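These notes concern the structure reproduced below.
Per-chain residue numbering starts at 1, and chain names A, B, C and D are given in the order in which the chains are listed.
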Amino acid sequence: MSFLADLLSTVFERRYRGAREPDAKGRSIKELCHDLLGSSGEVSGTILARLILDQYAGMDDAAKIEFFTFLVRDLGIDPPRIRDALDGFEAVPDKASYRRFLAVAEPARQELARRLNQVPGATGRLVGMRRDLLRLARDHPDFAVVDLDFRHLFSSWFNRGFLVLRPINWDSPAGILEKIIAYEAVHAIDSWDDLRRRLAPEDRRCFAFFHPSMPNEPLIFVEVALTRGIPGSVQGLLADAREVIAARDADTAVFYSISNCQAGLAGISFGNSLIKQVVADLSRELPKLSTFVTLSPIPGLARWTGEDGATLAAMKPDLLRQLAAHYLLEAKRPDGTPFDPVARFHLGNGALVHAVHADADVSPNGIAQSGGAMVNYLYDTALISQNHEGFAAAHSIAASPEVTALASAAKPKPA
Amino acid sequence: MSFLADLLSTVFERRYRGAREPDAKGRSIKELCHDLLGSSGEVSGTILARLILDQYAGMDDAAKIEFFTFLVRDLGIDPPRIRDALDGFEAVPDKASYRRFLAVAEPARQELARRLNQVPGATGRLVGMRRDLLRLARDHPDFAVVDLDFRHLFSSWFNRGFLVLRPINWDSPAGILEKIIAYEAVHAIDSWDDLRRRLAPEDRRCFAFFHPSMPNEPLIFVEVALTRGIPGSVQGLLADAREVIAARDADTAVFYSISNCQAGLAGISFGNSLIKQVVADLSRELPKLSTFVTLSPIPGLARWTGEDGATLAAMKPDLLRQLAAHYLLEAKRPDGTPFDPVARFHLGNGALVHAVHADADVSPNGIAQSGGAMVNYLYDTALISQNHEGFAAAHSIAASPEVTALASAAKPKPA
Amino acid sequence: MSFLADLLSTVFERRYRGAREPDAKGRSIKELCHDLLGSSGEVSGTILARLILDQYAGMDDAAKIEFFTFLVRDLGIDPPRIRDALDGFEAVPDKASYRRFLAVAEPARQELARRLNQVPGATGRLVGMRRDLLRLARDHPDFAVVDLDFRHLFSSWFNRGFLVLRPINWDSPAGILEKIIAYEAVHAIDSWDDLRRRLAPEDRRCFAFFHPSMPNEPLIFVEVALTRGIPGSVQGLLADAREVIAARDADTAVFYSISNCQAGLAGISFGNSLIKQVVADLSRELPKLSTFVTLSPIPGLARWTGEDGATLAAMKPDLLRQLAAHYLLEAKRPDGTPFDPVARFHLGNGALVHAVHADADVSPNGIAQSGGAMVNYLYDTALISQNHEGFAAAHSIAASPEVTALASAAKPKPA
Amino acid sequence: MSFLADLLSTVFERRYRGAREPDAKGRSIKELCHDLLGSSGEVSGTILARLILDQYAGMDDAAKIEFFTFLVRDLGIDPPRIRDALDGFEAVPDKASYRRFLAVAEPARQELARRLNQVPGATGRLVGMRRDLLRLARDHPDFAVVDLDFRHLFSSWFNRGFLVLRPINWDSPAGILEKIIAYEAVHAIDSWDDLRRRLAPEDRRCFAFFHPSMPNEPLIFVEVALTRGIPGSVQGLLADAREVIAARDADTAVFYSISNCQAGLAGISFGNSLIKQVVADLSRELPKLSTFVTLSPIPGLARWTGEDGATLAAMKPDLLRQLAAHYLLEAKRPDGTPFDPVARFHLGNGALVHAVHADADVSPNGIAQSGGAMVNYLYDTALISQNHEGFAAAHSIAASPEVTALASAAKPKPA
């Protein structure tokens, strides 16, 4: 903290230590929030914001629950005041009446979050606050309204236009790489050696989105393998002693793992933009790349069949592939969208189901969720728009003839 | 634009060229805006957003007026729907009812701006759009409501926590320096040589705020002179052949020019934060600095006295100083705040009126506005908080004994 | 200078102020040089080196002449000692005898320069020292031996492998750009606006070599125009209101100005490498570029013809072109190489004489040196090696059929 | 490799594949070296240099021995020609005769190395070539003369003025950090977790010298602990669960490990400069630091005593300290310098022996070399110059009174 900030804090906190309370901790976080919302200038605002964030950082779950309850009850909207403002606006729809409406239609907790965000480094701390909120909301459904406000703000702050795509490689800072190890959610990274195998060879790439206010925190990242032909096994891709090819000789880019990093940004969607921009950047760098495809898990297969993964893994490969194809094309939720969450993501982005593979992820997790089956979703630039619109309008699922045939050949879902 | 974006555009724009219209230009910007607000995915969203921004960029004022009128009439709030949502929320205040409320309480044009902002480089273009809006609103008072929405969004996007302070010096990119020349609003920069005199010597500094999404556009900048003692003439500070001192020998930092750069960010306040952070950074670098002071114009003096500046300039220096002191301490607007806009800014930040000088800005502009008089506002870190609060609560103006005495000695305002 | 360096200097300089002399200035630069050559450690070496460089910086020409005379007389080679060492090496050619030989075969002034170079920033100061030396050597031919030592060292220090190519554009630091303005030696840059016209448009490029130890000093730079077709007039290229083309639409890169920046690096050749690397970099960025060509002055034409430039400029264009072609292909120095220095440079690099133009540089300088005629040298990648070897082996000059025909048609040199 | 370079190579290598040999490999490296030394231009030079370096890279030891033998025999000096040139210079000591002398007095292999160095990345490859040379020279003492030439060149290329100091921390590229792990020669780094303990806490620092032409290769690095008071145990410093202190609260900087990274730069001294600059940089950042000290091994103690380390480790701590003090102050080589190599380094830099500790390095290596004893060398800025000169002139060793007393109390060296 800087010299002046120090001085200012001293001067200012004295007031909070002085007149009313024995010490700064004596003034409650609720009172500080009201002070911050009432303060006219930035001079005191930043200091108040810092005090609030620091006090929050020291809280246990009980105190956090009390704080979020305060946000629900005291800093929400006030319907009668909104109705008054609406009446005023309808009577004379001018600048003054509209300003009044805007002021009351937004809950005070949104303005509170914006003012807290003035402190350097606050953005990441607010993302952490929402992570807490989501965790605690499981037992406190009334917190959901606060989460909607966070979500509204974060959608604005983490707007695609503000994100920065950065390659992650073996020259990236160790402090970021250890987060890649920690956040990899699809195919765990065992060690720094394992990480190097995924980053250092010239036929392996990784890209992440960052926000300028959280420069050391990846938001989401994707791991890519450059290959000749479309692979059907993730263990093959990640093998220790595999042959590295020259990047310029690759014809295919395989997105084999996409991981969200920030629990506090759940529901703020970046994945689609990430894939699009990585496809664009790789195309420019390596003009010979002609195929952009995923090698994706089928996380809902075992659950949907009601079998355990070991049973599926013991099936004949072709039968498992038929089953997986059938599942991907036919298993639906009540709203008509695919049962499989990864399928929803890629099909919603305009991909099509290109191929399914047995024995493709033989890790314990891969066996457990799908008996080892995996799927390639293909991003065919000539079809993306059409696929996307078909899916958006009618939940229609685009698939290759081979997968369609497999799905048709499938026996009915095991009883 | 990238390979894939090209491809996607081709595919996508074909639709807009195809089915319904003879060509993309045939589809109106209003229809594109409705399409963008209705689109579910980002695939098409970015392309639509780009089309809208490009179409806007080609518009003349008549078309812009029509566009803003559309934003006023078609993308504002709908009071009956808001009342319905409020009823629902009051009946069952849960997540679903709150989500409905949030969805209708915000005018669609705010969501439109957020979606437009997905396009790389869009932030600066939206700032430019508001600049147009403010200009055209002079003759179209109904545009004021749209401006309030822009202001709401920009307050969030240009939150202090997202801004980056960068020193501007003779090693800065020429592309940025030419903007400093263009935007300097207080003491015009004549030439690149003049600029070098303000940036290159070690006792001259300049700092600007930038937003990460507009990396080549300073938002606001301040010019600082490091001096021994408090100076009383800006021509002295800017003299061609002056003696340069070692930065570490300076005891005073003089903020002699603060310029906002973006007309489209009018009313989004950064100045206060800028001064605070520059004071903090300079304090850390040069621990011997003990005085932080401005050398500021008194833009309202001649207007308030009703005299022209030449008449004021012809007064005895001491009488002009008395007059200026009196004006700064006593001349008020109906709401009780100072008549002088620069005084309002610095006093609101917690500065005090430290000294007034005659013959301090003898440029044509300096003579015209204040007969050459200038003022030092002092940022005394021990008093900032107290001054700020006194000003905020009671419009009380802090001043040095010397200035207070000058003001008392002033004859009543010339009749 | 750092804290410790300060301390060390204080401690160390005390000795030089103490025991033997009244003050540091009392100890002569010659004594300091002997001290530096005799010092075993780096502790004192850096301080001595700094004292020497600082003392040199304050010298007038008379003192510099005395210093260089000292380098000639006292820090040169000692033939008898070299003969001794050779005898020893021939008797027993082992490590010890070879080490003795290396120690005496190199003049002490080379080691002196290396030790001076330990001081941060010394490299540029030594380059400046050689600039002085070259200037003063005009009247002191005995300084030539010192220059040969500088040249030997600089060839090693400024080895191609240590240089860094950087694009110079409108985002480059102003401090570097003002040097580009100052150093442009072929077509003077009038103003910052003129500079912007050469750097900012997307069909204009500039590249410079830098040395890591002189990061703010370009060593040599080249200005490039991207065009459709090969231009025949430099005023056309530099016109204020010309049409800018998209870089990706250009088929030709025109090297229209190459300037050496450092008089102290005269004779250390970079130009060839610069052109080669710029061709390589542009080819990679803009694959449609197929022609790499210069638009070069013909500085020796008027001198060689014995006419003044105005007379040449008054000739019929076709006759001037014939004369220029004849001059470029036939005018030779006693050693058989071309009379024209620019021709020697490009032909030595493997270029060929592609076309000659009248009315191509109508600036006063262009008229004076060649009656306004200019020449395109073509770098045809398929022929560079062959041209280079032909020129190196037999001084044969490659030229297009058109230029060859022009030269043949030329009347004999005007008498 | 770039487009043009590709083209040029194709054109040029064709000659080497064409006329004389069946293919490029058929042309021997010796012939290529003569070609390179004979080539006049850079056009062909870079390609030849690349061919030579590539051919070298593929060699086994037998071929390397043949290559180095070629350098010894064919590219050395020619005494008769040197004598001739000396005669000429003595007869007429002018530029021409001196140029002739310089040309023949330097062995051709030095010029060869300079020309090889034109290839991008060549510097590191030449450092690797010397590493090979030093390894093979153990069995080929005649290679020593080649090494002296390398050493001469590298002293010039790796001159202090060309090196760059960079902090190494947890934000450094992983590719550099893994080299720190590999090169740590004093206290081995076990794992990335161990590395993070040495780099990430704010009271731990690391700095390395780099050369601009080898940006990914540290040349030498030092690890520093910021402490309160002088520590006497390296295991204490490196403990997993120790208390981290605020950097600004430290009064002491402890240099506890210095490692050279490049076997091919053996004998090119950087360590002294590294310590000096790190002391200077830390002093500036943390003005409260008042003590700069090492915690160093005593690698020669056990060897000198003739005891094994376990026996020393079993001694009473005070007796071991006496023994160590005695060893450091009294054990000398025939030339009068200390027996201990680490002592020679630090005492030569101007440090003094400040304290000795038993049980200070209880790792197997620490026990083996010194029974666990370690020593603090103190860099006292007021005494460095005096200590350095005393050591350089008379091998006198500066020590604290405590260490002097310990040494005096020591029993005679165990028989």
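Quick note on the criterion: a contact is a pair of C-beta atoms (placed from the backbone, for glycine too) under 8 Å apart; a residue touches a chain by one contact, two chains touch by 3 or more.
Computed from a predicted model, the values in this text were never measured in an experiment.
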Most remote chain, CA-based centroid, reference being chain D: B
Whole-Å separation of chain centres (CA-atom averages), chain B against chain C: 48
Distance from the mean Cα position of chain B to that of chain A, given in whole angstrom: 34
Centre-to-centre distance between chain D and chain B (centres being mean Cα positions), rounded to whole Å: 55
Of all residues in chain A, the ones touching two or more other chains: none
Chain contact graph, described as a line, ring, star, complete graph or other shape: ring
Of all residues in chain D, those that touch chain A in their complex: 170-178, 192, 195-196, 199-200, 216
Footprint of chain D on chain C - complex, ascending: 2-5, 7-8, 11-12, 15, 40-44, 46, 77, 79, 82-83, 86, 89-90, 93-95, 98-99, 101-102, 105-106, 114, 117-120, 122-123, 141, 144-145, 148-149, 152-153, 155-157, 159-162, 164, 212-213, 269, 272-273, 276-277, 279-281, 283-284, 287, 348-350, 381-382, 384-386, 388-389, 392
